[in-house]
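Before anything else, here is the set of structures, which you'll find just below.
Next come two complexes, and both contain chain A; in the first it sits with chain B, in the second with chain C.
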Partner chain A sequence: MTALTLTIDGELLAVPPGTTLLQACRQEGVALPTLCHLDGLQPVGACRLCLVEVEGAGRLMAACLGLVAEGMVVRTDTPQLRAFRRLTVEMLFAEGNHVCAVCVANGACELQDVAVAVGMDHVDLTYQWPQRPVDASHPRFAIDHNRCILCTRCVRACDELERAHVWDVAWRGSHCRIIAGLDQPWGSVEACTSCGQCVDACPTGALFDKQETCGERQPRPQRARLHRGGLP
Partner chain B sequence: MTRTITIDPVTRIEGHARITLQLDGRGHLADARFQVLEVRGFEQFCVGRPFTEMAGLTSRICGICPVSHQLAAARAGDKLLAVQPPEAAQLLRRLLNLAQILQSHALSFFYLSSPDWLLGWSSDPARRNIFGLMAADPELARGGIGLRQFGQQVIERLGGRRIHQAWAVPGGVRTPLAPETRDWILAQLPQARATMARVLDGYKRLLDGPLRHEQRSFGSFASLFMALVGPDGCWETLDGALRLVDSRAQVVASALSADDYDRFLGEVLEDWSVLKFPYYRPLGYPKGLYRVGPLARLNVCTAIGTPWADAELADFRGRGGTPASGGRIVTAAFAYHQARLVEIVACLEGIEALLQDPRILDRRVRAHASLNALEAVGVGEAPRGTLFHHYRVDDNGLLTAVNLIIATGQNNLAMNRTVAQIARACLPWPLPASAAIPEALLNRVEAGIRCYDPCLSCSTHAAGAMPLHIELRDASGALLCETVRD
Partner chain C sequence: MAQIRCCTASGCRAAGGDALQQALQQARGHQGLSPAALSIKAVGCLRLCGRGPLVALDPADGGCQKLYGAVPPASALALVQLTLAPHAPGAAAALAAHAVDGDHPFFALQQPVVLEGLGRVDPESIDDALAHGAYSQLQRCRAEARPEQVRACIRRSGLRGRGGAGYPTGLKWDTVALQPPGPRLVVCNADEGDPGAFMDRAVLEGDPHRLLEGLAIAAFAVGAELGYVYLRAEYPLAIARLRRALRQLRQRGLLQGLDLQLRVGAGAYVCGEETALLASIAGGRGTPRQRPPYPAQQGLFGRPTLINNVETLAAVPAILRRGADWYAALGTGRSRGTKVFSLSGALPHTGLVEVPMGTSLRTVVETMGGASGVKAVQTGGPAGGCIPSALLDTPIAYETLAELGSMLGSGGMVVLPEGLPMPQLARYFMGFCAAESCGKCVPCRAGTVQLAQLLDRFCAGRGSAGDLQQLEQLGRMVQATSLCGLGQGAPNPVFSTLRHFRHEYEAACGGAPR
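And then the complex of A and B:
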C-alpha cells in the first residue's frame, strides 16, 4: 500500500504509511496545540494537548504518537476536546509558578502562546504555589523549576541530539522534576558540553541563558542560531 | 475623655494609609500618626531569584516610578558584574531617569496636589481632583497632562513601553538610541518648555497671593536633607555621591558612598505602621530625621547647572529660604511643590543637553560579564528621593538578601512631624469632645502628606517578623484586649 486515506474534520486526505496523526493534521493545515512535541525528537505524548477523537477508538488519542490507519475518521475540534485542552493548560499554570511579567521568555513562550490559542483567560483551579528552587550553578545557563512543565524536551534533546544525557526525570506526582546528572547541581555534571540545545528546546523560560533578563528571550529561530554561534 | 480623629483613607496619594490624631482629655493634640497599612514584601520574595531579574522584578513595584527601581537594580547589577556600562548606556540611563522624574512630578503636581489650592481647600471633595481641574482650568489641566504624556512617551520610545519595561539591565541598556527617536524627542521640547513657562508664571502668582502662608509654614521645621550631588556639588539624579546638609546650610556629611549606607543610615520599625523609619545614624532615632526628594535635592545642591533651572532655583530660594540659612535652605514641606516644577525645568533642559551629545547615539550600549562580586548597592534619585537597592548573592548569582530603602520611607519621620504640625496649626484647639471638624481643615492635614508625594506601594517591604500591635477597643474606646509581637 503506497498511501493511507483518512478523514480529518470531514476533509479526506491521503498520507504515506508511518505518518502520525499530528503530521497528517499539519499537512491538512489543522493547527493542533502541542508543548512536548519538537520536530526531530522522539514523541512522548506527555502534554496531552494534541488529543484528538478517532471514531471507534473508544478513547482520545495523542496525535503525536498515534499512527494513521486506513479509513480513520478523526475529529480535532469538538466541545469536549476544547474543554480538555483548556483544562490541561490551566493545570500547567496552577501547578507551577508562571509569572509571565518577569519571565525571561515573556513574549517568546510556547506555554503563553498555547494559553492564548485555547482561550485560557483565567484559571479556575486553585494555584499550588509550590516552593521550587533555581539552579544557576552552570556558568552560562540556569534552570528555574518554577517554570518547568515537565515536557522533557530538554531530556530528549540532550540524549538524542547531543548524546550527553545530562537531564533526566526524577520523583513522582507533584514532586516530579527534571534533574541534572544524579540529582546534582547542573554545574557539577561533567557530561554537560554546554551546547545549549536543552535551552533552545525549552518551550518556556525554565531553561535560560544567564545573560538574558526579563522578556529578553528571542523567538525560536533566532535563539537556535544564537547558540550555534550565529550560524544558520 | 480621650478622642481619636481618623482620616481614612488618605486620598490622592499612591497606596493606602490613614492619619490618626490622638487627643488628650483636655481636647489637645497628644499624638499624630501617618499609618501605612499595606505590605508588598519584595524584600522577602525576591530572595532566591537571579539578580539579573531584579530590574524587571522590582520595576513591578510601582506603576508610577518603575524606572527608578529598574535603574537602581541595574546599577546594583553593574557592580555585581564589576563592569562599567558603555558611555552611551550611561547617557541613555540618565535620559530615562530625567523623563521619569518629569512625568512623575507632573502627576504629583497637576493630578494629585493642585486641585487642593486651585479648586480651594474647602471645595467639594467629589470634584477636588483632576476632573474638577479640567472643568475649572482646562488649559492648565491640558498642559499638565501633556507634560506627563511627554515624559511617558520618552520612556516608551526608549524602552518599548511606558510602564514596567526592563530596558536598563546589568551592564547597560538593551538597545541603542535611534536618530529618529532623538529627533522626535527634541521636536517635542519647545511645547513642553512653553507649558512650563505658563505653569511657573501662574504658580508664582499663587505663591505671592493665596498660598503665601502655606509656602512659608506648611510643614516647616528644621531637619537634615539628603541627596546625590555631582563632583562639583551640582544637582544630580543618578551618579555622584551622597551629601547631607542641615537647615542652617551647614554640610553635615559629604562624599558619602551609597555602598556604605548602613554606616550612616539606620532603619527602625514601629508597631503601628508597616513603613520603616530610616534615620541618620550619627544623630540617633528619631533625632536623625532627614528629608529626601525634590526639596532636599534643591537644598543640597550648589546649583543645577542649566540656565533656566538655575534661575528658577534662585527664585525658589528667594521665596522660601530661611534667615537662619542665609536664604539658602527652604524648610517648608509645601515648597516640595515648587521644587517639583523647578526640577521639571531641569529635566527639560537636561534632556535637551543629553540629546545634543553625539555620544548618545553610539551603538555600544551593553557590557557583558559573569558574576564578579557577591554584594552591591545600587542607588539613584527617584522622583520622591534617594533610592537604595542592596543585594547579596550566592556564588551562582541567586539573591540571598535584599534591602530596599525607598524615598517615601526616608520621609516617614518628616511626614509624621508634618501631620502633627499642620494639625496643631489648622485645627481649632482645644477640640470639644463631640465637635465635628470641618472637612476642609482635615484636608489640609491630608495635604501635608501630599507635599511629600508618598508612594506607599513602593516602600513597604520589611522582611522578617515585623513588630505588631493589635488593640481591640469597645465603642467607648475602652481597651478589651491587645496582642503585641516584638
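And then the complex of A and C:
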C-alpha cells in the first residue's frame, strides 16, 4: 500500500506509510502545540502537549510518536484535550522560575508561544519557586536551570547531531536536572565542541549565547540560520 | 532422618536467624551428634515473617513437623532435644512460648504452587533443588516437547502476568515466538518495588532454581538464546543467591546453549516498568518510552523480548508438571491459579500467603491474617487502592479488585487499622510517586508534586471545596496524560480513597487550621 487514509478533526487525508500523526496534522494545517519535539531529532513524547484522541485506542496518544494507521479517526481539539494542554503548560510554569520580563528569550520563546496558544493567562497551581543554579562557566554560552523545562532537546541535539553527548539528565522527579559531562561545570567538559546546537535547540531561554541580553534572542529557526546554520 | 529447617530469608535474618542457626550447630556438637544424625538445613521463607526467626522441626520418628517462631539462640539446645525426642517434656515446656500452630488457617488455607519449594529446598544447593525436582520440566520440554506445545500448555492454564497488569502469559509468549525470524530475548522482571510487597524476594531468596527453570522454559518456548534477570540492588541476599544458582547451573551444563545473565538495577521504582527496565539493561537511563511498539515486537536491543515477572515464571514448572487443566481448575472466572500475597500492616500474622484466586479478602486478612478492627485493605501498591472493610467479602481476582477502584497488583496487601486518616495514606503514596517519578514527562514529574501539596492541605485539615475539585481535576489529567504506568497509576490511591472515604476529605474542608 502506498498511502494511508485517516481522518483528522473530520477531514479526510492521505499520507505515506511511516508518517507520524504529528506530521499528518501539520500536513492538514492543524497546529498541535509541541515543546519536546524538534524536527531532525528522535521524538520522545515527554511534554505531552501533542496528545490526541484516537478512536478505539484506550489511551491518548502522543502525536509525535504515534504512526498513522489505515482508517484512523483522530481528534486534536476536544474540550478535554484543551483542558489537559492548558494544565500541562501551567505545570511547566509552576515548576520552574519563568520570568519573561527578564529573560533573554522574551518574544522568541516556545514556552511563551505555547502558553499563548493554549490560552494560559494565569496559573492556578502552586508555584514551586525552586532554587536552581546558573552555569556560566562556558566561554560562549550559559545555562540557566531556572528556565529549563527538561524537554531534552539539547541532550538529543548534542548526542544525535554533534555526536558529543555532553548533556544528559540526572536525578529523579522534580529534582531532575540537565547536566554537562559527569555533572561538572559546562566549561570544563572537554567533549563540548562549542558548536552551539544545544543553544539553537533550546525552546526557552535556558541555554543562551552570552553576548545576548534580555529579549535579544532571535526566534528559532532564524537564530540557527543566523549563527550557525545547523538545525533546520 | 531428623532435621531442623532454619529460615534464612531476609526477614528471619533480620530477626537473628543467623545467630540461631549457629547456636543450633553448636548445640548439635554439644550433644555429640554428627550432621548425618541431625541435619540443620538452611531453607527459604517459612511464611510467618512477623514471628522470625522461624525454624521447622522434622522429628526423627517421622512425626509431623513442628514450627517455632521468635526463637532466641539460647533455646537452640531445647530445639535439638525436641527434634531427637519429640516427647522430651522439658524441652517442649521450654519452647511452649515459641510454638507456632501449624494448623492455623494461616498455614492450613495456603495452596503452595509458586511457593511449594520455599521452606523445603536449600536455596544455595543445586543438588538439593534437583532432588526436589528442579529442572525436570525443563529437561522434559527439551526432550519431548515442541515450543508450541509448551506455549499451548501455558495458554490453556489461564496463567496471567503476576506483576500487576494481568496480561495473559500464553498470549505474550505466542506474540514473541511468532515475530519474524531472528534473535529474541527473555527477561525476568525481578525489580519488585511496591511498598509492602516482598513476594518475589521470597522466591528469589528461597528457591532461585525454580525461577531460573521457569525462565529457561520460557526461553525454550519462544526460541530465545539469551535471557536476563533484572534485579534491584536493594535485594543483596537475592542477588547473591541468584548469582550462586546461575553459577551452579552453568557448571552443571544444564543451560545447553542458553545464556542467562543477571543485571542489577540501582533501585529506581520506575525500572519495574518494562520499557524503563529494558533501557536500564541496555545501559541507559531507566526511563520509559511510549508503547507501541511493545517489547514483544521491539524490546531489548530492538529485538522481540519476552518480559515476565518472577511469580509468573516461577509458576511455570509447576504448571508443566501438574498440567494446565489442574492449574486452570484453581481460581475463578478469568483469574486462574494461585496468587502470592505479602500480608503486612495492622494484623497479628505478617508474612507470605499463597491462596487460590477467588479466595475472599476477608479470608486472607481476617481468617488467615487474624486481623480485627480493619478499616481497609490496601492492594496494588502506589498504583492501587483501598478496599473498605465492608467490601472484604469480595473474591480476589484481577477484575473484581479493579471494579472496586483498586487493583490486584503484584501482591502487596497492607491492612489499615481503624483510625488511620485516608488523606494521609493517599499523601504517602503520592509522595512515593513524586519521589520515584523518572522526570521524563511533565504530568508525572510536576503533577505528582502538585497533587502531594494539595493532599498536604487535607492532611492538615486545611482543605477547601476548591482544593477537592482541583484534586480530582488534576488527578484525572495526570492519569490520562502520563507517559507510563507510574504516572497513570499515581492518582489511583487518591481516587480510591475519595470513592470509599470521601467524607474524610470533606471533613478536612473549611475547618479551622488544626
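Assume the second predicted complex is superposed on the first by the 227 of 232 C-alpha atoms of A that agree within 3 Å, B and C clash if a C-alpha of one lies under 4 Å from a C-alpha of the other, contacts with A are read in each partner's own complex, and residues count from 1 in each chain.
Keep this in mind: contacts are C-beta pairs under 8 Å (C-beta built on N, C-alpha and C of every residue); 3 or more make two chains touch, one makes a residue touch a chain.
This structure is a prediction, so every number in the text was calculated from the model and none was measured.
**Student:** In the superposed model built on chain A, check whether chain B and chain C fit or clash.
**Tutor:** The answer is fit.
**Student:** Once the two complexes are aligned on chain A, which partner has more residues of chain A within touching range, chain B or chain C?
**Tutor:** On the superposition, C touches more of the residues of chain A.
**Student:** If you stack the two complexes on chain A, which partner ends up touching A:V102: first (chain B), second (chain C), both, or neither?
**Tutor:** first
**Student:** Now for A:D9: first (chain B), second (chain C), both, or neither, which partner does it touch?
**Tutor:** So A:D9 meets neither chain B nor chain C here.
**Student:** With chain A as the corner point, what is the angle to chain B and chain C based on their C-alpha centres after superposing, as a multiple of 10 degrees?
**Tutor:** Roughly 120 degrees separate the directions to chain B and chain C.
**Student:** Please work out whether A:D113 is in contact with chain B alone, chain C alone, both, or neither, and reply first, second, both or neither.
**Tutor:** A:D113 sits against neither chain B nor chain C.
**Student:** Please indicate which partner A:V134 is in contact with in the superposed arrangement: first for chain B, second for chain C, both, or neither.
**Tutor:** First partner only.
**Student:** So, A:T213: does it touch chain B (first), chain C (second), both, or neither?
**Tutor:** Touch status of A:T213: first partner only.
**Student:** Using the superposition on chain A described above, determine whether A:D168 touches chain B (first), chain C (second), both, or neither.
**Tutor:** The second partner, chain C, only.
**Student:** With the two structures placed on a shared chain A, what shortest C-alpha distance in Å links chain B and chain C?
**Tutor:** 24
**Student:** Which residues of chain C touch chain A in their complex?
**Tutor:** Checking each residue of chain C against chain A gives 268, 285, 289-290, 434-443, 445-450, 453, 470, 473-474, 477, 480-483.
**Student:** So in the complex, which bits of chain A are touching chain B?
**Tutor:** My answer: residues 101-102, 104, 133-137, 139, 142, 187, 210-216.
**Student:** Along chain A, where are the residues that touch chain C in the complex?
**Tutor:** Against chain C, chain A makes touches at 44-48, 51, 59-62, 65-66, 80, 83-84, 87-88, 91-92, 94-95, 124-126, 128, 149-150, 168-169, 171-176.
**Student:** With touch defined as at the start, can you tell me which chain B residues reach chain A in the complex?
**Tutor:** My answer: residues 48-50, 52-53, 55-57, 60, 164, 166, 169-170, 174, 368, 370, 396-398.
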